[in-house]
Amino acid sequence: MVTDMKDVQDFKLKPMKCEFNFLSKSDGSAILSQGDTVSLVSVNGPLDIKMTSQRIDKSTLEVLFSNKNGKPSVENRYKENIVKQTCEAAILGSLYPRTGINVTIQELEDYGGFLACTLNCTCLALLNSGVSMRNVFAAVSCAVDNQGNVILDPTHAQLQTSTATMTFVFDSRDKSLITCFTDGCFSQDAYREALERSRSASDLVFAFYRDIIRKYCNVIG
Amino acid sequence: MRDTCLSNCEKNFIQKIVSQGHRLDGRNFNETRKLDISFGSEYGCCIVSLGETKILSEVTCEVAQPKQIRPNEGIIFINVELNPMAAPQFEANRQTDLTVYLVRLLEKCYKDSKCIDLESLCIVVEEKVWSLRINIKVLNHDGNLTECASIATLASIAHFRRPDFTRDGDRVIIHTLTEKDPIPTVLYHYPVCTTFALYSNDILLTDPNFLEESVCTSNTEEGINTAGGLLVLGMNQYREVCLLDLTGAAIYTSNIVHKALLSAADKCKKYVEIIKNAVAKDDNLRQKREKINFSDIITTEHMLALSRKDLNIQLKHYDVTELDEKDEEMFSDEDDIKPEPSKYDVVATVPNTAELKSKEGKSEWIEVSSDSGED
Amino acid sequence: MSEVYKLIHPVKHFNDYISIKTRLDGRNFDEHRNIKLNVNSIKTADASAVVKCGNTTVVCGIKLELAVPKAEEPDLGFLITNVELPALCSSKYRPGPPSDYAQVINNIVSEIIKNSKCIDLKDLCIVPDKLAWVVYCDMVCIDHDGSLVDACIIALIASFKTLLLPSVNYDTETEEIKVETNERINLKIHGLPVATSFAVYEHFQSQIILLTDPTNYEEEMCGGNGSNLIISYNKGLLCGIQKLGGGSLSTENNEEAIRLAEQHTIAVEKVINACLEGKGTNK
């Protein structure tokens, strides 16, 4: 892999820390910290839901997002929509018709890249709950600073001076783009660069998933 | 969704072992589960876990207008949320009897007991006061929510600091945390609630878990009352009673309440000490500018946990010019096609109106029937 | 025959169309629907526009009000957008409080306007800490047939372009406000943000098809809630890319989408400008 050193640049993702089954009452739960950003996700399902929201061909996914101060806002609906559409693509919903899968997200600390952390945490909670999935997904966030440089997985301080942030979610099979959302103005080149960098960096997140699953699978035997 | 049902086997078994002097998790009757308080990076934010019961509490403040009958007092608002994260039977965004009950108990314990100095929350009489909002969120419901929520509320109030302000004539300047040190809330006394599960009117279980709680408030198979109930006692560190609440069966011996009061007084005192110590320790760490964050509650030595230090990746230097060349090639291909006139016409028809139309003969209707699909 | 086929085998029916490189309404994959734009049709609003993209119809009305700026941001005015999806626009919606989808669309529209920086909120301030304009932008969908965000943005920007702010005299001593409705100035608009929606269809597991300006039916067939990919441009810069649900994009698909969005943006800009110029000649 080592090529000419001039062509290679070092990048870092913030340290990741995760614990499964943080909550005893949920079917699956995970708490994940990426740097100073912390998110807690619980998954319940497949379970019985009211008739009106049942679907005959697949399970209904319900996502609830609560921020720290507990006040509802339009932004929360948007975040719920992002998580919902991302998970819907990953979960094999047709295996559980007429049921519901509940994903509940609690914001604990937001120091940048919160939605990326939440999406990764959601994926881990889904893995923990044992819901059948088509593929796993990894989210990576990027920022563009005022000089137009792309910063991978920005810190809180870096975000203060950045002009745009982008978050990408990739699937584990062919690393294609499942979800993407941006904030701020940026050029096409910056977008392409951020996308390609994030795509390569998503490897690290997938490796983290594999390591943690391997670790606890050894215990279960 | 309907409530989780309690099976007769579970019910009978719990009642039987309790009458023989045992508890399902091996505790003594007056033993509490492990209490853990951890603070977040912001003031007034904490997660309290009592065994498996976990509650997140946050205090926030904003400037509001005071109530007309109390023009010089701040406002306290308590909110409790129970969503599917706590347990699958709860519905999102819906008030249940349980949340109303919890809010009422906490209001009795912290508002009606006058433990918070409301006058110190006043900025300008009749105009501006601080309004504190205490938001309790149940993360995991494994019984004894009252006790856990009450510890969380007290810990977050004790930990909370509101921004300082200065008055400049008519104007009030509110300083950010970096400009001026924030001020802690004044507490006259520290009340805490404790819960006892009452079995057949003579056994008291300290800190009941979810199963013990549901068994003691349930009826027998024949629908006969089991003389069980939940007794909530709120006391401060001076052994003064602030709150007493009983759900379930009536108590017909006063001895049992006495017994409970004595036990609660010791327990509450112990809790207040733990809370005070935790807040002081956290304050010490903050003075030393140590980073405190909720990520600390993630245990790492666990078999279900994993921690990775900075993840390094070496990526190829991304050269925009290199890609541009490729793009240009792409675009040059496009250019060959592009010169043919745009497919659309822009027409400004009637005043104030413009239309974008596809040129005629551009699109055609095609009908696909099942026959063609079969090909 | 075709209608029956569509009802019984909706997926196969749709696939058949895609296989012969056509869409249900006869368009090519990269073709968008006709756009009809009319401005200043509502006399009671301070500015208004009606836009029709195919069947999707959105009415936008702007109302101005005066208010005291927030204490934390004394030199900024307010811009409040609201997207309404009443029950009449589609059988999918019920009367009552705004649906989740309406809130999502509203958030996307307000984020695009905010990120494109086409309106400087400082321009809406009259006297710092004392008086500022509140611009209420209400977008009501009359008929919902897909690509709602595109239509909302066109209606909103066309309304902005025709918005005239009355001049206000504020007496700092007496705090008296005098509004001169006859003297009006244009609100400064920086650029012309345009959004382009795509539906991303996964054809036989491997091939990804981008459908420009999808109809409601196409959006539903591609899965997800609403359009899958929304790319917004302002002054040659990207001011928002949202990709939600639908098939997954490879690098090539991405490039194609960006290219198509660029072309669409140019066309839409032409329409808005033609509409506004038409108004000028009329006077």
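Labels for the chains are A, B and C, by order of writing; each one numbers its residues from 1.
What we mean here is this: a residue touches a chain if its C-beta (ideal position, glycine included) is under 8 Å from a C-beta of that chain, and two chains touch if they have at least 3 such contacts.
Here the structure is a predicted model, which is why all the values come from computation and not from measurement.
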item: Most centrally placed chain, judged by C-alpha centres; value: A
item: Most distant chain from chain C by Cα centroid; value: B
item: Separation of chain A from chain B, taking each centre as the mean of its C-alpha atoms, in whole Å; value: 22
item: Whole-Å gap between the CA centroids of chain A and chain C; value: 28
item: Inter-centroid spacing, chain C versus chain B (mean Cα positions, whole Å); value: 37
item: Chain A: positions in contact with at least two other chains; value: 192, 196
item: Residues on chain A engaged by chain B in the complex (per definition of touch); value: 1, 3, 6-27, 31, 33, 36, 38, 40, 42, 44, 47-50, 62, 64, 66, 68-70, 72, 102, 104, 106, 108-109, 111, 150, 189, 192-193, 196-197, 200-201, 203-204, 208, 211-212, 215-216, 219
item: List of chain A residues in touch with chain C within their complex; value: 74-75, 77-78, 80-82, 84-86, 88-89, 164, 166, 171, 174, 176-188, 191-192, 195-196
item: Interface residues, chain C side, partner chain B - complex; value: 1-2, 5, 9, 12-13, 16-17, 20, 22, 25-28, 31, 34-41, 255, 259, 267-268, 270-272, 274-275, 277-279, 282
item: Chain B residues touching chain C - in the complex, by the definition given at the top; value: 327, 330, 334, 342-344, 346-348, 351-358, 362-373
item: Chain A-touching residues of chain B, taken from the complex the two chains share; value: 1, 40-41, 45, 47, 52, 54, 56, 58, 60, 79, 81, 83-88, 92-93, 133, 135, 137, 139-142, 291, 293-295, 297-300, 302-318, 320, 323-324
